[in-house]
Amino acid sequence: MSIRTVTEIRPRDLPGEAERLLGDGYRLALVSAHEQARGFGLVYLFTAADPDRRSELRLLVPFENPAVPSLAGLSFPAGRFEREVRDLYGVTPLDHPLPRRLVRHHHWPRGWYPMRADAGPPPSFGDPEGPFPFVTVAGPGAFEIPVGPVHAGLIEPGHFRFSVVGESIIKLKARLWFVHRGIEKLFRGRAVADGLPLAERVSGDTSLGHALAYCLAVEEALGVTVEPEAQARRAVLLELERLYNHVTDLGALCNDVAHSILHAQAGRVRERLLRINAEVTGHRLLREAVSVGEVKLRSLPDPAQLREIGADVAEIAALALGHKVVADRFTGTAVLGAQAAKDLGTLGYVARASGLDVDARRDHPTLDLGAFPPAVESGGDVLARFQVRVREIAASIELIARLLDRPPATVPATGPQGTGVGIVEGWRGTIVHRVELGADGTLAHVKIVDPSFFNWPALPVALRGAIVPDFPLVNKSFNLSYAGNDL
Amino acid sequence: MRASELLVAAPAGVPLLAAAVYAVFGWTRRTAWLGAVAAALLLAAAVGLAVAVTGKPALTGCWGLLRVDALSAYMLIVIGAVALPAMLAGPGYLADRTGPRAAVLARRYGVFTQLFLAAMALAVLAASLGLVWVAVEATTIVTAFLVGHRHTRKATEAAWKYVVICSVGIGLALLGIVLLYFAALHAGLGEGEGLDLALLAERATALDPGVTRLAVLLLLLGFGTKAGLAPMHAWLPDAHSQAPAPVSALMSGVLLAVAFYAILRVKVVADQALGPQFTRVLLVAAALASLAVAAALLLAQRDFKRLLAYSSIEHMGLLALGAAVGGALALGAVLLHILGHGLAKSALFLGSGHIQRAAGNSRIESVRGLAARAPLLGGAFGVGLLALLGMPPFSLFASELGIARAGFGAGLGWVIVAAFALMLVIVAAVGRHALLMLLGRSSEPGDRTDRVDRGAIPLVAALGVCAVLGITLGPLGDLLGSAAAIATGVAP
Amino acid sequence: MPDLTYTELLYLACGAFLLTGVMVLWRRDLRAVIRLFALQGLALAAVIGVLAAHQGDLELALVGIGVGALRAGLLPYLMARALAAGGEDRETRPLVNVSASLVVAAALAMLAYAISRPLTELAPSPATRAVPVALTVLLVGFFVLVTRRRALSQVVGFLLMDNAITATAFLTTSGVPLVVELGVSLDVLLAILVLYVLTNRIRASFGGTDLDELRELHD
Amino acid sequence: MTGVAGVVLQVLLVAVGSPLLVGVMRQVRARLEGRAGAGLWQPWRDLRKLMRKQAITPAGTGWVFRAAPMVLAGTALVVAAVVPLVTTESPLDGVADLFAVTALLALGSVALALAGLDTGTAFGGMGASREVTVLALVEPTILVSVFALSIPAGSTNLGELVAAAEANWLSLLSPVTLLAAVALAIVSIAESGRIPVDNPATHLELTMIHEAMILEYAGPDLALIEWASAMRLTLLLGLLAGLFAPWGIATAGAGALGLLVAAIVVVVKVTVLGVALAAGEVFMAKLRLFRIPELLAGSFLMALLAVAASYFLV
């Protein structure tokens, strides 16, 4: 796919180049760092839609006092990528406006950068950096509620610091990366086929999304051509993943307002979908179906059966929204404004519920889906995020039926590139994988960006002014991945 | 007897027929002046009735639903006298309106203004307090469409406020009527006669004071809202400034007075049932509040139609003051004031319509040097304001003097002093605005149109009548005396 | 009809009348408010019906049916249509929040009780003892009118007042003379039609019926 | 003598039966949601499991924390002895005053709220503050609504109230009784922490009220609290049933057979109410926290209107 342009630049030209690309409608999709022979190689991947464009800026910084000019003033996500690279590799962003640690756990020793090749095994824990400098909110009636990282329910670890007055949230700070597994490091040196099981385990509920993004990246690097029919079947699987997750979320949102019967009904529908997954791929979470260059299915899903499920879901959603109390809980709760959503670089249903028309299925297509308007709502509240999911479920079912009916044309492959980028609209939002192959054909470097990385900062913004008891509901309406973010 | 019955029904019947004609034929060149003819007939019938009932027993008609005594006849004359110039101004007002919906709006205007006249006439003709209520509420409904006639945002807002506030007020009055009826039934009145104004006044002493007190309070509150007395006046400036000029003239000149007429009728009953002190306290409070509100808001007023509207609140306050004083002298003055204010205020509203059309809006600051640009209209407007402020030789001077004299005589000296202090503020405020409008330096070249000055003719005529009344009452004197006697409860 | 049952039934109807009136303060959903108003119309018709049955008065019974048809049928229908045309079905931010409104309603009930003492004392009977109920609804209606911001809520407030006045009329005197009765009903109907027309006009020129938008006229 | 027997009987019924009532309600919910459910005896099994565990008190807590479960359970037992569930003829009749009963129930709630504060954790404080907000509206409503009921009967003694209602069932149709019934039903739901006020089955610590207060309890203490909560729910439902459907409660002079019948009747009534509550919950969602005061203020208003109505509609 020759739509990707690569430019080698000097570090000091970076801000100018980045500004030009951002001005042309690009967004920063990924920043990756890795050790090369003469220093740290940094890659800034910018993407733009309509038509599909991808532009890579590559630069090299020396091992001695590695530093790059910061792009935090140009783009909010860039600032977070830079802090991630600094915490994991030690490349300092110069003049960063908010240089607090992002990934670094305060038990890590100073000067220890876990993703460097010479990092060695994890050192014993100390407390050299001290506790995280949370901003303290003072004033009459203001107090702090620390929650997590261990929670009462069975969820992943994250620490939330609420500063509240009464029940109103003044400020919320989320601390993540409690489960940083160094998964990108584990890819290094593996054969491309052995990278697949790792990609499938980046985030449990997005097995297929990440596997597919990985495969697309590898295929671009190797110049592998995929049959249109196989590409269409991959798209079907992607929609199946979206279906079962969205249905789960609809039920969970109802459960968070204690409307348990709809939760139970959504659970029943979810189980049906998981069984369809198992019939189609042999795995309830769609694992081991996609591989480089091909796709293996046991059977194809039955559109009639899916349509029946769609009617079921529509009824559940109508019951939920027709319930006065449920509608009251959803409406106007934790509004994420369109401008904020755009500035934070949010993706997926979070962005679409705030009125942003983004969808990688249309913006970065692997095959021609025809007329495909994404479901966009303008409310930005919990209700809008609920409704976007409802509409996407219906759209997914129609899409599956269309794909099974007639495999559409695909985007042609290009020759081997050595590096590759895979962009997939997972159920949560746009997933980007970038791989670099070594001379021996093994994986030299893999960088993964889950949409959660972009969407987590939106949660505290949306929650400003909301009330504490609404937090679980709002959190579920975003439903962000900890594992996909922490990596 | 058939002739007299016909005469009794005529003041309400004629405009009703005119409304029907407008509804059928619409507003055409031939029907344009029908409204004025109906108003003239109304006035003629009123004069005829006045002659028939002055010093004689009341006439009844329409199966006893209507009854005309001297007070009713006098009010009919006021309605007719104000309606005639207002209706004459109608064709001029509508001539300017063009556009796709102009014909529909004109037809609607014709129908509703005539219905408005009919409802007001019915209110003063009605023999039963219940029917008075129905007629007064009917004026609210009819005028709501007239206030919102222009379909602008402001007009819609004014109409909404007007309907909601007045309907609530008038709803309270209805509750008062229900309670009064309850008291009347227990005072031995029959089912059909419990609300008859004459019978109520006759048997008032038998009414239960507890219930009557509540009823009278509600009635004063309700009709007071409709009469624009503070603190229930909020709708008045909006509605009067947004309505078409002829309608503003009618609303300000007579509708308020008709609502006040209902208060006078209730007061007759209340004073006999409860003694005069109860209504006096309420009316004094309302009077002073109205004067204070008017004074405060006139000082910084920036819109000349609203200026006139607040002036109406002031004059309603004065009427309340006169009614609170009581007695033949005060009530005679009150009735004279009603007529004088009706003539002057309606003339001013009509004049303001012409000024508004020339200036393009109704802001005081956009009208400068009126005396030089349109000498006749400007002069008449200025003289009209003088009349409104109670300057001699206009009848308002005589009636205000009468109220003050009666007030001192009744031992309400301090109230009169307070009221006149507030009126001094009002004189200063209105005078300042008037000077600016008439003599201030013009910032833009004037368009001295002939039409603007021609609009001054009804103004001059009305002011002339007003001035004559200030000097001599002439044949009205007897009628006024009989009407005042009825309003004091002396005559049946 | 035995006296005890008459009293029980009358008070039951009055209780329903009161409850529906007070519940209007409680609900934000305008559709629910309209439903409550319709229920109140039925309760009012029931009050009149019980009175008619007690007095054996056929005319009164017919009036009761008429009142029921108007207030539980036609008016709610008109309001529901206005609501369906507008698409905004919630009272978003009343001037006084709901909890405070409810407490105020309790105070209003006490006030109504106090001011209706003279009425009850003039003619003590089961019917006049229920007058405070009607007056409470009157005050609640007034409160709704003053504190709610949607055009439709204000209309409901006005109609609550009107229902209360009607109830008072029937509880105290079994109704005012028929001519006045007809005139009153006609006027109320017309007032509602005026408000209905104006609601549509407000929506056309202001783009919504939140009366906060009505701010152009002021001094 | 039947009085003493009746009291013993109703305390036993409440103590043993209340976890079963919770079990029934959970089972109803489970079945309505299409789940199998854990069975009627699960609450008792849970209590047994908790009783066998080691008692743990968090560091820094004082005697308030340790005493609260005892106070909660103790007050519930006393109320169980006093309230006319099976018999109106209790030897503790003098205590069976509505004010005393309300005060006892409030005492238990306050003890638990204090214990929540005593833990010094954010959740304990949060739960306590929310509970007190609810309590501040619930207690007056209970008082006022039972007061409204007491005006026609001329006494605030619960036994006499029930006896009077049983004697003249027509009075149950009056607006006073209906308004008071609605008010009491709402506050009973709030007081026992059910949907739409609180969710007894939630694991979301930030939304809890009752569960947040007792988050730090474990072992036998937790068992005591769970048991006491079940008893309070049973008592509130029993009180509702007694006041508004008084048939079958044994009055003075009822023999052993009368007591037995009364016991069966009360079990049926409370079970029916519990099943209705559980079934209603299935179709209900939890209110936004800020809407809860509205609900409670509404119930308070109804109670007040009931009092007002009892004055003018006589």
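As written, the chains take the letters A, B, C and D, and residue 1 is the first residue of each chain.
As a convention for this text, contacts are C-beta pairs under 8 Å (C-beta built on N, C-alpha and C of every residue); 3 or more make two chains touch, one makes a residue touch a chain.
Since the model is a prediction, treat every value here as computed from it, not as a measurement.
Colleague: Taking each chain's centre as the average of its Cα atoms, which is closest to the average over all protein Cα atoms shown?
Modeller: Of all chains shown, the one whose C-alpha centroid lies nearest the global centroid is C.
Colleague: With contacts counted as C-beta pairs, which pair of chains has the highest total?
Modeller: That would be the chain pair B-C.
Colleague: I'd like to verify one number: the distance from the centre of chain B to the centre of chain D, where each centre is the average of its C-alpha atoms, in whole angstrom.
Modeller: 65
Colleague: Whole-Å distance, chain A centre to chain C centre, using C-alpha means?
Modeller: 55
Colleague: Which integer distance in Å separates the CA centroid of chain C from that of chain D?
Modeller: Computed from C-alpha means, the inter-chain centre distance equals 36 Å.
Colleague: Just the number, please: Cα centre separation of chain A and chain D in whole Å.
Modeller: Centres of chain A and chain D (C-alpha means) sit 48 Å apart.
Colleague: In chain A, which residues are in touch with two or more of the other chains?
Modeller: Counting only residues that touch two or more other chains, chain A contributes 328.
Colleague: Mark out which residues of chain D touch at least two other chains, giving numbers and ranges.
Modeller: Where chain D is concerned, no single residue meets two or more other chains.
Colleague: Quick check: what residues of chain C touch more than one other chain, meaning two or more?
Modeller: none
Colleague: If you look only at chain C, which of its residues touch chain B in the complex?
Modeller: 115, 117-119, 121-123, 138, 142, 145, 151, 154, 158, 161-162, 164-165, 168-169, 172-173, 176-177, 179-180, 183-184, 186-187, 190-191, 194-195, 198, 201-202, 205-206, 211, 214, 216-217, 219
Colleague: Mind pulling up the chain D residues that touch chain C in the complex?
Modeller: Going by the criterion above, the answer is residues 170, 173-175, 178-179, 293-294, 297-298, 300-302, 304-305, 308-309, 311-314.
Colleague: Provide the residue numbers of chain D that touch chain A in the complex, in ascending order.
Modeller: 29, 32-35, 122-123, 126, 195-196, 199, 201-207, 215, 282-291
Colleague: Sort out for me which residues of chain B touch chain C in the complex.
Modeller: Against chain C, the touching part of chain B is residues 65, 128, 130-131, 133-134, 137-138, 140-141, 144-145, 148, 151-154, 156-161, 163-164, 167-168, 171, 174-175, 177-179, 181-183, 185-186, 191-192, 194-195, 208, 210-211, 213-214, 237-238, 241-242, 297, 300-301, 306.
Colleague: For the complex, give me every residue of chain C touching chain D.
Modeller: 4, 8, 11-12, 14-16, 18-19, 22, 26, 97-100, 102-103, 105-106, 109-110, 113, 116, 120, 129-130, 132-133, 136
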